[in-house]
Amino acid sequence: MERDRGLAPEWEIERWFNSAEPLTLAGLRGRVVVGVAFQMLCPGCVQTALPQLRQVHDGFDRKRVAAIGLHTVFEHHAAMTPVALEAFLHEYRLGFPVGVDRAGPDGGMPVTMARYQMQGTPTLLLIDALGRLRLQHFGHVPDLLLGAQIMRLVDEADGLGLSPGGAVGADKEQAEDAATCAADGSCG
Amino acid sequence: MERDRGLAPEWEIERWFNSAEPLTLAGLRGRVVVGVAFQMLCPGCVQTALPQLRQVHDGFDRKRVAAIGLHTVFEHHAAMTPVALEAFLHEYRLGFPVGVDRAGPDGGMPVTMARYQMQGTPTLLLIDALGRLRLQHFGHVPDLLLGAQIMRLVDEADGLGLSPGGAVGADKEQAEDAATCAADGSCG
Amino acid sequence: MERDRGLAPEWEIERWFNSAEPLTLAGLRGRVVVGVAFQMLCPGCVQTALPQLRQVHDGFDRKRVAAIGLHTVFEHHAAMTPVALEAFLHEYRLGFPVGVDRAGPDGGMPVTMARYQMQGTPTLLLIDALGRLRLQHFGHVPDLLLGAQIMRLVDEADGLGLSPGGAVGADKEQAEDAATCAADGSCG
Amino acid sequence: MERDRGLAPEWEIERWFNSAEPLTLAGLRGRVVVGVAFQMLCPGCVQTALPQLRQVHDGFDRKRVAAIGLHTVFEHHAAMTPVALEAFLHEYRLGFPVGVDRAGPDGGMPVTMARYQMQGTPTLLLIDALGRLRLQHFGHVPDLLLGAQIMRLVDEADGLGLSPGGAVGADKEQAEDAATCAADGSCG
């Protein structure tokens, strides 16, 4: 049913923040990737999309879900330099990996942004554990539905035995731990 | 692994709103049940838990997920009568089914609330398609994690062939439709 | 310039909460009155207008500014009874005086609400220290502008020598104390 | 009573945005000045203080109240350059005048910020029509109280005949116009 879904195009990253080594979609295979293309001076990104991505980073098991920012600067290039981005990530306490999209040949839209034919920022990307692009959305996705869609892809990966340890194995997800669980009526 | 999880205790409901007929957990078997025990004069319920439940009601496929409110009045009984509840549901535009928990013998905690040993309102209940209580949480659960937990139970039901039509069949979920999906880099 | 401004019509109150004795506009002469006509099941009242009135109650000198709620029930009478209102004020921690508008002859709009020809709830009333209605507004007034308008009336009263102790006398307003003041560049 | 209040120290500005000509406190005499010292990468400034200053700019009569931003960069100098600030003001749709505080001799705290001995950003400054510093506050001031304090200073200026046209003259304030006024019970 999903055999015809194409692989997500690889990212072209000039430089990484919050990651000791470069990240590639190929290297992230086996994990669900939640990517947010943003610009540090885009109000909707700062107020909504990046706090949401931080919640994904904090709320899901990082062995199963990778939260990653892409700095896709297509305007005000002189303002949104890597040194400015570094200060921004520090001041806003954003700890997930952020890659700087490679500048385009004409100084306009950067390479990865163009490759995905994005319409603007923020743009959400959901990539499954097999590396296929499953969702691309310009604008806001409500938390409730985003959480559901991420878990759908995690469950698929578990079903395929792609997750670390296989299936719903020994590793408890952070998501399940986030609220006190109950197996019977007596717990609270 | 989950064979020892107990069935969720049945609810004792005096009266239903927004439902043409009485609902029972037994009758809801096959669907994931998201229940919120609330009081119409509890600020945390009004401001957070009930709007969240409305989002669940609106965002998920109702053949797979049932969003249900339980009016568990344990104080101010003279203020939170069924007629007051009906006006409240109307004014706040809450369209999901709401059951009035049966009053307790002593005029204190109502029957269902006592049976689940709830600590107060709001209390979230997550019940899987086999009728087992999987989560009981007093207070707030962030949208992102709630969405993930609901989908986890939906996926389990699909895996067991419990969903309508079986598996991920012909019925597309509303959740997946909520944002424009993409199978390759060219869609947006 | 304001000689033609009429006196605010007196209120008709059945019962007071949070006040040891009945309040009348005549008795409040000398103070600026900030009134909010509300219904306990009106979402805009609960979410916005009443928290704002609580801020007025907490932020201004009560010898100069009286924050008062009017429960003007024009629908769902069986739900919004005085006993329900009492529970509501308790649960929402609202400590300012609240008067219950006297029921109208036909069970529809109550007496005070009709007298002021209000369009609905919430409705804000600003009455100056001479008892004149200076503002009547259906819906939301931003905090910044409400604060300004209240202070304008307080200053007018001070100018007329109507305030307790006269002018800007010995009583410091809470408003001025709310943030650390500074008379020169060295304070912070 | 306030004769001993010192004049607010003059600002040292390198460059202005959103102002055709340089502004000085001396030149603003006769108007109440609401100043906010901020950094474009300070989250509290972006989320709270600058939207509040925009409300002041939009809500009060500009002949009486001047809303002005001061970009007081004391860290991440390479990130918060004038060109970055210009992009920031454009993206966040901030239309009030903003002055760039002159860099300090050591590359640390800029000149005006040091002169006022500010503790950080955001810092609110309220300067009366006589040029005296009446409030300096590090952090957030609630809208309701800020509106009151601004109007207090406007009323003082009116009382001194400092306002344009004198007293409460022909110019209606925007604040008074912001909500429909009423002189008697029949208006709404």
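For clarity, chains are labelled A, B, C and D in written order, and residue numbers in each chain start from 1.
Quick note on the criterion: a contact is a pair of C-beta atoms (placed from the backbone, for glycine too) under 8 Å apart; a residue touches a chain by one contact, two chains touch by 3 or more.
This structure is a prediction, so every number in the text was calculated from the model and none was measured.
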- Could you work out which chain's C-alpha centre is the most distant one from the centre of chain A? C
- Message: Suppose each chain is reduced to the average of its Cα coordinates; what separation in Å results between chain A and chain C?
- Response: 49
- Message: Taking the mean of the CA coordinates per chain, how far is chain A from chain D in Å?
- Response: 39
- On chain D, where are the residues touching two or more other chains? none
- Among line, ring, star, complete and other, which one matches the pattern of chain touches? ring
- Message: Let me make sure I understand the interfaces: which chain pairs count as touching?
- Response: A-B, A-D, B-C, C-D
- Note on the structure: The answer for chain C against chain D in the complex is residues 1-2, 4-6, 8-9, 52, 55-56, 59-60, 115-119, 124, 132-138, 141-152, 154-155, 159, 168, 175-176, 178-188
- Item | In the complex, chain C residues that touch chain B | 41-43, 46-47, 75-76, 78-81, 83-84, 86-88, 90-92
